[in-house]
């Protein structure tokens, strides 16, 4: 880190900062500029609380230099990570093929799930998404089918070969969800639920980690690091939009995170254009854009009858639209020398 | 809700919307305007997914009318709720007296906690804050003393009479924390952790619920509703700033939420100016402003030696500054016909 | 608009609202719901200040129904607008061909401009961007070459046939810029400068209107409406990112605005991925994504020597990178059945 | 500035950066850390475009060290600036007395203005606000009375002694507004209108500069610097809220900017709680909070009949409420050892 002193602060303020740095077993290096003095700190200061230096007299601010994550960084592992998902279709994320995981927001019943699963498989998806446990903003809303939903998902995998991606909301659900799912999804509301991150880090399952809706890129990679630090290297990053002032979308989908992740990390990144916009009519364009920008996969909400969906009907595309999306992204994938 | 149709949409689109509304066991009421038609929906539609109507042909958007929360609303209970906290000092939140809960960010060891506890009590606080379980963005940072920290907090209460406020991070900690704490704190990262909200809702302890750092006011009150719906009416709302583009603060503290909460809800609201700004030098001004705006309490990070704090040193005020803050807010409280 | 009354408000509050609505020469229509009463307002209320109704006793809030813009809306003109730009290459925006406007952030001198102009033309651009008047956050920064810069731009058009796009910052520059430019650019800081919008609306030149960095979509279309209302229908919308909490980009580029604009308006939309991200390394991916999402054009900062650029070096791509971008977006354009 | 190199970048990347720094006539100072190398730049680099270094191979990012503003900074002038406003009541901003400027959003006609002016004066205001030129988001809305409005304002000053604060929207209005006004207001939409800032900087009138609704603190102070650099040192900063995701307010009022400005600058700061919240019912609490936090003044929208106001009726307080606010803030001012 770099400690920036206030203009004109007395020498003893600088000395005091240097003293504190040495107390932390780090090395101080003072640079006297024409207007300001800064103190560079040498050594691994990731475990230190840099905010303590901000409260010292004469300190203007403290600038971190080292990225706080380590094993998630591209420096630690320059080649991209490819993560096989399971299922009979050979689904994997991070390779040449753009992986499409599609399905209903919630598992509502057996027949709807099987109908949708067959349809998305036929259109070219290799993963099946669907929520059995649903985080809901209101306690009065439908909370998911629970284990029954998981069983339907497993049956759909049996029939179609699709890899099953489903959300786990709390530590006590981890074992149960592991029994049925191929990929554990951590929802946006839980990206900062560190105990849960550690728990899924102790399983051997790939984890699809959604960015918190106001998380920074650093925090996103640190959340991945929690999982990796607990022993599980199979983390798939998933962008699902951030909350901003914009009202014509439910969330603001930030595709520039794709090149940013590719620069900072070896982990694959997939995009969720359904949550990422909140409107079915925007989903095809955002699917195309994601693949064009280099996304490793897509997570798409599909429903055979959106007008009667129990959750997120407004952002679910129909089976017909999904088939069209698959055609469009195959063409885009070819244009960027990948396949879908 | 109100369904706003697109300009010039055909009559069958309107009919289709009306049909879906009736399918939901609600009543449709069509209003033909000079440029647009809207369909008002009559009945309690809180449990319906309004987004399904957004995917219908000819629909422009759907506007909710009913507030999604019920028991947290002022309509349900017009008089303000006063919540006794425990401790020997008669601390309570929501009455005439502004309740000050102060203490270190983390419980670091026994002696520091006792020193700080005595000092904040002497200055006039009635609650003691301090984290035993710490949610940390990085897995490499100090994660708190756990149960040992809880024991020190209980000892500090024993010695001072202060009510103990401390964070519970996951369901499996709830019983343990209840043994020692007077008030269970739900941190900003867990405001959307619905399973945890339900779990603390099953205890009899007052809950200090921090607003998620990008939550809307509605979502904040719905999180309170989760707790109340599980049986616990003793919810204290706590504003701790939102994340915005601003860089001179860690969070943007939005004091206008105080009159907004007073208008919408009967629950008390306290302000955390330490998290809410991230800078110790701003804390006194924001304490004064909070009390002037009508806050029912303050949650303040205080440290006897901020330069050596293990967490959040930069936003912790010293014992001396805390004593000054208490004097200042007493004067402000008098000016607004309360006391502190 | 719809006036939503507070739950349980007395009948006279509703009557008072109805009275005020009639005073505005509009028609009131009361709907009594199971929990709340709402008053629908019938008639064109665009010129009314709906906020006055918010201050009435018993009113919870007022929801606008009519879009505030008219001539910019797709209802007013269902077919997309195609805008010829001038120049000898037949540049136009809004048709089948994706229009690429490229060039330096600032015109720094004659030779650099000509070198870049020839290079971008050879790579396939049909428009030349370059600032002669530069809005700068600091009064101490380079403010542009002024008229000399305009002359160089005109010379570059002469030599290459590219249409010239350049910014006009204030009313007193409008005539001068019109003499030299083919397209008048309104910068993001001036999207709300209504006097300037009206002034360019009185010229016959196409206007490239950048979205204000925190403007809503409605405000963006209303700014276009200012120009159109003054007599100039040739408005090109340009998205350049919004300011959010994100730090890995200068601005957050929101490509979902492309389908949103296509749904709401007949005006063409182009994307500026240079300003929209602030980092040259992200520009190729965002160019591809924009075209895939359906953008009508791109505005790209290109510099022959970014390390010595006077402004925005960090977000300018080299001539080599630009040539590669052109190849990539041609492939994407083909995939989406357009050309570039 | 500090150039942070990527981890593991080759030595020639560092050399190249040093070379570019020397080309800028600045001094490079290389610090080799345990994981990363950084290059500190010594000398005044305010006029340099730091982004060029970001495009160099091996560079991770560039961190500015010097504040970009100079004359607005507290270092340049440690004692607070007090700005007399004119009018017969001795209004001034920045001293011990909190200056209250109140009046209608727009000047609608002569009689309403005089009625309001007398009332706010009687309640204790020393400044009269009121718009003669109104920036409106829609071209179809009321745009203000223009010069006639200015004349009414001057007449109100004549009768009451209040100092007149009114907005100037474009360069061609500056002379006219100077004829009638005591204080020139720059609206939030024009904070980045650098030509206008320079124009008001050439007058001798105090300038009330509103923060742009998404401007950073740095940009705000740089806008002040534009005015000061043009020769006018009498700049009053005015916070009016920022745009965020929050929907229960029109803008999010950030009072922590008060201590931040006091730390960074010698210029006075006033708060506009009317624009800053958008709701009349929040204005009293935010007035009290502002004074408690140390604001030098308040800008308050007052209307004798908000239900019939032509603009901003929903955020204007009545004459009765204004009188109550004045009483409340006098009590708060006393509590913080000031007066109002």
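The letters A, B, C and D name the chains in turn, as written, and every chain counts its residues from 1.
Following the convention adopted for this analysis, a residue touches a chain if its C-beta (ideal position, glycine included) is under 8 Å from a C-beta of that chain, and two chains touch if they have at least 3 such contacts.
Just so you know, these numbers come straight off a predicted model, no measurement behind them.
When the partners of chain A are compared with those of chain C, the chains appearing in both lists are B, D. Farthest chain from chain A (centres taken as the mean of C-alpha atoms): D. Contact tally for B-D versus B-C: the pair with more C-beta pairs in contact is B-D. Centre to centre, using the average C-alpha position, chain B and chain C are separated by 38 Å.
Annotation: 26 Å between the Cα-based centres of chain A and chain B. Computed centre separation for the pair chain B/chain D is 30 angstrom, with centres defined by C-alpha atoms. For chain B, the set of residues that touch two or more other chains comprises 214, 243-245. Contacts between chains leave no pair untouched here, as each chain touches all the others. Listed in rising order, the residues of chain D touching chain B in the complex are 214, 216-217, 242, 244-249, 252-260, 263, 276-277, 281-282, 285-286, 288-294, 328, 331-332, 334-336.
Remark: chain A residues 20, 46-47, 49-56, 68-69, 135-141, 169-172, 189-190, 192-196, 198, 213-214, 219, 222, 225-226, 229-230, 243, 278-280, 306-316 touch chain B in the complex.
Touching chain B in their complex are the following residues of chain C: 2, 4, 6-8, 29, 31, 33-36, 38, 40, 42-44, 63, 65-66, 75, 243-245.
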